[in-house]
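Chain naming follows the written order as A, B, C, D, E and F, and within any one chain the residues start at number 1.
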């Protein structure tokens, strides 16, 4: 069930084909997951989204690729995005996330949600020392 | 502004003092941030919350301490918890998060929120290959 | 899968029938979507919810009907409500939302989610000029 | 800091005064909290919001008044609404919420947030027995 | 569809069996719902989660069991957790939630979400009298 | 209070100055709001965020500028982002949002949050007719 019909022949559009080709080359895999098939309803949206995902997630940066996937999972789960929880958990496993790392990830993100509730319920005032603008 | 009055003399309660002592010893710091002062209104809640935070965040595990702090930030920001964004960003910096890692963290969690919206808006169907129960 | 059993013969209740008749008349369609079938488990809840939806969404007001549907989609997607994303996207299309407007909607709501994360992560202080109580 | 300027003389409008009078009578208190002062920028919005709050929260129903306030807190905290956490915690205390009930409330809403994360992260399939439509 | 494969023979692990036995004894039912089957991929996570759920939800405390289930539903729905909405609605019904209580629950949690939006949109300043730290 | 210290002399960096100049030119105003001052801690993040905001919000597209601001508000409020609620409400007013449009906006986004809760609480099954993939 989706809100946009899946394009049955997306690569007949040259710009879509170029994005799909780049996804395949970047990931070294023939598999194009549904996210990209559905985004293909608007070529600009597809191109810009892929360009950003590639720049942030598939380009060497200050954080390693697995850490970035786990952060992606943390946000996706907190936002309740089922599709994203699935796709990024699969990606994290493909990048080597072991079972004990997966369990640790779940421990941290569920504990964070728990203490977020406590801090918000108590409306705990921010300690002045945490203010970066006024730290000595 | 808080929903519970801060206890002005929390360590007069021996169980609260024991928790505060353990926080100071674990963190090697005399500073007890407001979260624990406010949780001290209920000693059980204080003890159990600290025990879990210590077990998950201050005990060696499959993920390193900085990665765990960054995951905590990712969840806290997504939940809109200002106090938690402050306290865990401070903690991540104390554990060595450099400016370029901080920027990378922001890039990933903001991109994740963006694509979460796209996947939810499109109601993208989960690719069968992502189902761990049916993977060959 | 639902948490309440769908009433198999809801219109045997005269008050439910009156609401369903008004939905059909207002929308000029025989189709009653599942939301109303399930809300029919409590007649007061059904009547009050429909009265409010009709007053806000089906009555001429300062914003045009399509803008209101797109705002509804923006909230529903942000809240992760799959049913609502489906029903209000269908409604927006029925009210004339074109593909390029749909893509633009997705661009705005995904960008907003992204910058929400950045502002919350940085805990950006509100500029005094934004305070309506103190604007000259 | 607010996005609408507070009306300095709201009761010069007879409809606003009627709502404020009813709030005072219903609550047996002269205090009108800021929510109503700010909603007064649009008289219809003020009237309709108060009518619904009064009908749901200040009218005898299947749930007792304190339970309803605690449910309101649970939603408000989960949504990260600071104003609402404050106003409804104050209301719950006024309706008799004791410190041990407050602590229990925090235990439940923080545990719920924690297991919500686990269920979403694992994408646990709904047990068929939970489906109200197909329960024998 | 899940992100972890369901263990086909979880009780071959003695620690998992001990948890499952305790769930059955506590609930006086042979049924183990999927949440526990999937959490069983990590025995520590399973043991700790069940211990906390049992302590908070299945142990007499300041709030009665049905109130706690309804609070759990309020948080789960606000977080958009479908699995949790299902499992805790089923639990609330098993603990005696009547249809009129269910409808009242829905009225409160949907009204709370509505006024949360209004307070956040208006950025209503917290009334000083709500500050527990400065209440006379 | 912020998690990053505000750069006291951001325009000493030529790339930051170029972005600030473009913001001033695009908005025809000398005012640079805090969001950009704080993002300036990482020049790439600043450049990329502004480029995207300019492309989506300040470039003619299928939706008019005021509609886009109101959609931005809808998402920001639902995400509980106080800074964003402030900045985009100010922007919407600058683009001509009248008081009755503002009230209508609040009516729609608060009603949407309300019915989102109802649909999620009931776990209403998506009507097959809403599935874009299978619409005749």
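The rule is simple: a contact is a pair of C-beta atoms (placed from the backbone, for glycine too) under 8 Å apart; a residue touches a chain by one contact, two chains touch by 3 or more.
Not measured: the values here are computed from a predicted model.
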| item | value |
| --- | --- |
| Per Cα centroids, the chain farthest from subunit D | A |
| Copies subunit C and subunit D touch via same or different residues, half shared test | same |
| Same-interface partner of A-E, chosen from the options C-F, C-D or A-C, over half of the pairs matching | A-C |
| Taking each chain's C-alpha mean as its centre, the one farthest from subunit F | E |
| Distance between chain centroids, defined by C-alpha means - subunit B, subunit C (Å) | 33 |
| Centre-of-Cα separation between subunit B and subunit A, whole angstrom | 19 |
| Whole-Å gap between the CA centroids of subunit B and subunit D | 26 |
| Multi-partner residues of subunit A (each touching 2 or more other chains) | 1-4, 45, 75, 78-82, 85-86, 89-90, 100, 103, 105-107, 109, 111, 113-118, 120-123, 125-126, 130-131, 133 |
| Chain-level touch network, classified as line, ring, star, complete or other | complete |
| Subunit C residues touching subunit F - in the complex, by the definition given at the top | 1-4, 31, 33-35, 38-39, 45, 49, 52-53, 56-57, 61-63, 67-68, 70-72, 74-76, 78-79, 81-84, 86-90, 98, 100-101, 103-105, 107-109, 111-116, 118-127, 129-131 |
| In the complex with subunit F, residue positions of subunit D that touch it | 1, 3-4, 41-42, 44-45, 75, 79-81, 133 |
| Subunit F residues touching subunit E - in the complex, by the definition given at the top | 73, 77-78, 80, 82, 85-86, 89, 105-106, 109-111, 113-118, 120-123 |
| Residues of subunit C that touch subunit A when the two form their complex | 80, 85-86, 89-90, 99-100, 102-103, 106-107, 117, 125 |
| Subunit F-facing residues of subunit A, complex | 1-6, 126, 130-133, 135 |
